[in-house]
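Here it is, the structure, as structure tokens.
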Amino acid sequence: MLGEDLASAGLGITLDDVAPGRSRLRMAVRDDMVNGHAIVHGGLVFTLADSAFAVACNSHGVVTVAAGADITFTAPARLGDVLVAEAVETDTFGRSGVTDVRVTRESDGVVIAVFRGRSRSLSRPIPGVAQGLPEED
Amino acid sequence: MLGEDLASAGLGITLDDVAPGRSRLRMAVRDDMVNGHAIVHGGLVFTLADSAFAVACNSHGVVTVAAGADITFTAPARLGDVLVAEAVETDTFGRSGVTDVRVTRESDGVVIAVFRGRSRSLSRPIPGVAQGLPEED
Amino acid sequence: MLGEDLASAGLGITLDDVAPGRSRLRMAVRDDMVNGHAIVHGGLVFTLADSAFAVACNSHGVVTVAAGADITFTAPARLGDVLVAEAVETDTFGRSGVTDVRVTRESDGVVIAVFRGRSRSLSRPIPGVAQGLPEED
Amino acid sequence: MLGEDLASAGLGITLDDVAPGRSRLRMAVRDDMVNGHAIVHGGLVFTLADSAFAVACNSHGVVTVAAGADITFTAPARLGDVLVAEAVETDTFGRSGVTDVRVTRESDGVVIAVFRGRSRSLSRPIPGVAQGLPEED
């Protein structure tokens, strides 16, 4: 799935790990991702977290889309930092779900952002992924 | 400010308008911003909104940073769409502020996302911008 | 609808006005709503806003429930304050909706909280209210 | 602290446990907390979670206030349910903090709501509580 996502690919986002309801992705902060003070654009931290969210909640084999998300920025990330996003789908109820993502700096483990994504699953299976369709709600 | 932001520049985000507490930015959805279904990555919609948020809340001449934000995705945007983000800082209290951003598709006015940013202003003026420092809180 | 809501009634929440997608409710801060510093519990400010949200998004005659909400507290409210919550449903898309609520202190108009509710409408009409059922999504 | 909070007391909210950065509170759903369908008002679920949030982030002996919060409702709670709120302060940075609260139904462990609170600590110690003042930010 991430392979078809040109936006993630263009940002150099790569997949470390995926399991049912979980994922870990990473992104290195490049010079085209920062402002004049060498601090990364918060939107790209969000994009990394959002990609991890999408991988985690699509891991069940059913097409699942982002309904929304909240992010809190806890520390600035800078040019050269490698950021790691760990996603855990904590709750599903009907076709809805909640996935928490933490973005940390790999070198020292400092938390850069905490993200909570809200998802909705659709009725369509993802080709080639083992599936468990939710019940109607 | 947007001129020094290489991330926004790399996404082709441009400034239409800025006024105290307000801004309007735009971004055309390119083929490197979409997934395999030609739908734009939600992270880039967030990035556009976040850029509009930053321009609006830094318009007072005081360095102001994003503390966090919430986004709700209301409709998918597709390859070729031109997205317009309108930001309005609705509330300031102490050093904190709330800025609402709506992202619409220019061709038909359909709302793509609604975003609410939470800001904190710092004590430093932005060089070259008329300023009003907030009181301590 | 508010009349059947014993929780709102118990807090003395009353309806000022309702129109399609809008409502205005009020609540006076009593001595059983505050902490030891005479400041109102944030949960009760949320409850007032949530009631206004419910009235606004059920005004179309279709049973609509709260999926979630975000609140930002902008100023403390105190014993004796009369709080007014104004709700406006700004966006609907499929069965989902977004409603913004502002809570202000009536005496001076100071904003106490800004609230954004996320709703889902169900397939059931509300007896006795003119209706417009949403399409499936 | 909860003892001075008349709003929590009036709702019958009680403290099960408190530790640094953590708390567990409970509330039984009474007939004055529900609507005409015997479902508890979401505002009161929020109030329980908000009380747990306050206890957890004030456990360090420094006055800490709620800046805002987000809640997602995952299942309805009904008359007679006993609700348990478990709060964990997951992140602090400067004077800010993030606290996650899960509200479950005691009888079967079903999750009723997930809540994320955003806090700001002030410079004042809480009398009689061991303290660790945050650094300026």
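Just so it is clear, A, B, C and D label the chains in written order, and each chain counts residues from 1 on its own.
We take it that contacts are C-beta pairs under 8 Å (C-beta built on N, C-alpha and C of every residue); 3 or more make two chains touch, one makes a residue touch a chain.
Note that the coordinates shown come from a computational prediction; the quantities given were computed from them, not determined experimentally.
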- Message: Treat touching chains as neighbours: how many steps, at the fewest, connect subunit A to subunit D?
- Response: 1
- In terms of C-beta pairs in contact, which of B-D and B-C ranks higher? B-C
- Query: Is the contact between subunit A and subunit B built from the same residue numbers on each copy (over half shared) or from different ones (under half shared)?
  - Reply: same
- Item | Between subunit A and subunit B, centroid-to-centroid distance (C-alpha), Å | 20
- Note on the structure: Between the Cα centroids of subunit B and subunit D the separation in whole angstrom comes to 32
- Between subunit B and subunit C, centroid-to-centroid distance (C-alpha), Å: 28
- Query: Taking each residue of subunit C in turn, which ones touch at least two of the other chains?
  - Reply: 67-68, 70, 72, 96, 118
- Query: What is the shape of the graph in which nodes denote protein chains and edges denote touching chain pairs (line, ring, star, complete, other)?
  - Reply: complete
- Message: Which residues of subunit B touch subunit D once you look at their complex with the stated criterion?
- Response: 67-68, 70, 96, 118
- Item | subunit A residues touching subunit D - in the complex, by the definition given at the top | 70, 72, 74-75, 90-91, 93, 96, 98, 100, 111, 114, 116, 118
- Query: In their complex, what parts of subunit B are in touch with subunit A?
  - Reply: 4-8, 10, 31-36, 40-44, 46-51, 65-73
